[in-house]
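By written order: A, B, C and D. Residues from 1 in each chain.
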Amino acid sequence: MSDPMRIRASVVGDKVEVKVLMAHPMESGLRKNADGSIIPAHFIDRVVASCKGKTVLAADWGPAVSKNPYLSFRFSGAAKGDMVSVTWTDNKGDTRTDEAAIA
Amino acid sequence: MKRVLSYLLLSVFAASASAQEIDPTAESRELMGDDNPAFFWETRGEALWKEARGPKKANLSQCDLGLGKGVVAGAYAKLPRFFADTAKVQDLESRVLTCAETLQGITPAEMLKVRFGNGDDQRSEMEAITAYLVSTSKGAAMQVSMKHPKEKAAYALGEQIFHYRSGTHDFSCATCHAESGKRIRLQALPNLTAKADAQKAYVTWPAYRISQGELRTMEWRLNDCFRQQRFPDLQYGSEAAVALTMFLAKNADGGVLEAPTMKR
Amino acid sequence: MTPIHVSRRKFLSAASKFGAALAVLPLLRPFAAFAATERNTAAFSAKSMSDVIKAYGGADAKESTEITITAPEIAENGAVVPVTVESKIAGTRTISVLVEKNPAALSARFEIPEGTDAYAATRVKVGETSNLIAVVQTADGTFYAQKPVKVTLGGCGG
Amino acid sequence: MTQHPFIRSLALAISLFGLTAQAAAAKPEPDVAKVLQQSFKEKGQAGLDRLQQDETQAACSTGKPVQPEAAAKIIATNQASVRDPADGQYLGDWKAGEKVAQSGTGRQFSDDPAKPSGGNCYACHQMAEKEIAYGTIGPSLKHYGKLRGTSEPILKYTWAKLYNAQAFMPCSLMPRFGHKDILTEQQLKDVMALLFDASSPVNQ
């Protein structure tokens, strides 16, 4: 089971700035165990953020995004109190959605 | 006037050049900002602290970390210290082990089943609990007591261990940490015998180590330094570990706690 | 995610077994689609910037000073290198972050809908001293900027 | 309290002239060794014997500059330990030497004892100019051979310095690579070549 994301969304000027931390191993599939066997790839490959039913950012990721990934972006058209929701999906089909109110 | 200005400018440049020389990776840390995965350990640690567990089905909220039962905020800034109930000087981690045993009936061996996590599926409860407890002292200034004779003795012992050269490589802590302005490879080395460096080093642990994807505490920091000194395995909460922590914490007196931070 | 997503995933892995994914994928994925889309496995296995751009149906990229990459000159650790890309090119629709010398160049591709700044910050793995490349797609074409990042050894070495 | 080699040797020189002659340094409290024995456990190749100091280590653990009498003893003991290469050849292969200089593993409880140890020279010294990740605990060795030439005395001195740094500088921070069997004779020769060979990156 994965840890909840930390989503921080705040109004900066006339924009909303979103900062997200996700708990995920982001295993590249290139590393080996002590016994020489390959550790299978396990990484978030899709991230979608939305606010008021509209996608405000989407991303395709590869295994070269760092472990416990960080993402930040800015968008317009939302105000304090609106909810920002972020969903990630990984290459094993696991998914997680969390949301936070804009501060 | 012009001359003074250009002199000032020159000295500013000279200063920044030498800072870059001593700590070439400072920019990298700066750009990382304050979004620190240590958050995940703090969250897990808080849940572990408040969850009724163990044979006694109790939580840890009645643990006395030195400021009285149940007081968490600010406690880390005054550790290690002497505790009358155990008649020992204890650091944060060894004190938590005492509380888990007395309040919850969970043995130290059980608590330390995973002593240090592997950044993945092997998670250390102690790393999570420590991250949580330290985070509640953010902004507090280090103020370590030397009133009790055992506190004084622990400091003196810690100082001796700091300078103790041994093993295949003749290393001691002092080999790398007793002179200012030095680095190992590109890593700036704090002089742990000098106030400013000692403060800066101590107040930034525990830290999320990005190279390991893991939250590391002072107990780990000491254990891994000794590993690289070619010493054997420093035992968690041992007399040497606590004494050395006492030496480092006292030298950091006045430093304002920032941990958990992020390190390389 | 939806079952559709899963079945697409299965389709992709089957397709790549027959080596067909390279040819089919760009057709499946219209350039400006922001809805849940199929993963462009060709782009994520490409070794070079030009192959990444090709995988997304783009052509020759022009270097642009209107793309800013913020990243450290010397990475403290290659496992986590902070990178921020900002594009001032009008109509920026996607921002891709590439690491030239990584086994697969493309790290992340951000789709920028109307109303979202052409700005993205993340942290990426950089295996060895290399250029970071930001590729920006607009309706008018493909642009890029690059910045070298040194990856070195820190610490005691053991 | 400074550990800087130059200052320390200066202090030593002054004290040898009798300007600051003092009693021998105070020995560490006897119970430190006992506490360490109880606080550590054997792991991998690192046994508790690693915590037993030899005379040199004990004399260099006071946290104070070493005193003249102790310094003279350290130099004498460690001078006597130096063994020149059996075949009289000081220089090996600089490419192998560069690998030794880059590697920081060996002798840790986490290391495979069957694998050769590194010298980890870059941890403390600047050497080849192209390697920017070098430490500053020791002096720069850039252009080491180019600046000093390859005369017999300088080869002999450098060999002895690598073999046992305390033969020249009491309480030097540098490991005694030959004396403590950290590097093999061949590895020492390879590091010598890295320092002296005209085609070595150190001398470019």
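Structure notes:
As a working rule, a contact is a pair of C-beta atoms (placed from the backbone, for glycine too) under 8 Å apart; a residue touches a chain by one contact, two chains touch by 3 or more.
It should be emphasised that the depicted structure is a prediction, and the values quoted were computed from it without experimental measurement.
Set side by side, the interfaces B-C and A-C show unequal numbers of C-beta pairs in contact, with more at A-C. With centres computed from Cα atoms alone, the innermost chain of the structure is B.
Mean C-alpha position of chain B lies 38 Å from that of chain C. Centre-to-centre spacing of chain A and chain C amounts to 16 Å, using the average Cα coordinate of each chain.
Averaged C-alpha coordinates give centres for chain A and chain B that are 30 Å from one another.
With each centre defined as the average position of its C-alpha atoms, the distance from chain C to chain D rounds to 47 Å.
With touch defined as above, residues shared between interfaces to two or more other chains in chain D number as follows: 108, 110, 122-123, 132-133. Looking at chain B, one finds that residues 24, 176, 184-187, 210, 213, 227-228 touch two or more other chains.
Under the contact definition stated at the top, the residues of chain C that touch 2 or more other chains are 74, 79-82, 84, 123, 152-154, 156-158. Shown are all chain pairs that touch, namely A-B, A-C, B-C, B-D, C-D. Chain B makes touch with chain A in their complex at residues 35-37, 39-40, 43-44, 119-120, 210, 213.
Considering their complex, residues 74, 150, 152-154, 156-158 of chain C touch chain D.
Considering their complex, residues 15, 28, 30, 45-46, 48, 54-67, 69-77, 87, 89, 93, 95 of chain A touch chain C.
Partner chain B is touched in their complex by these residues of chain A: 3-4, 6, 8, 19, 21, 23, 25, 66-68, 70, 72.
Within the complex formed with chain B, the residues of chain D that make contact are 1-4, 28-29, 31-32, 35-36, 38-43, 46-48, 50-53, 56-58, 60-63, 107-110, 122-124, 132-137, 166, 173, 175-176, 180-182.
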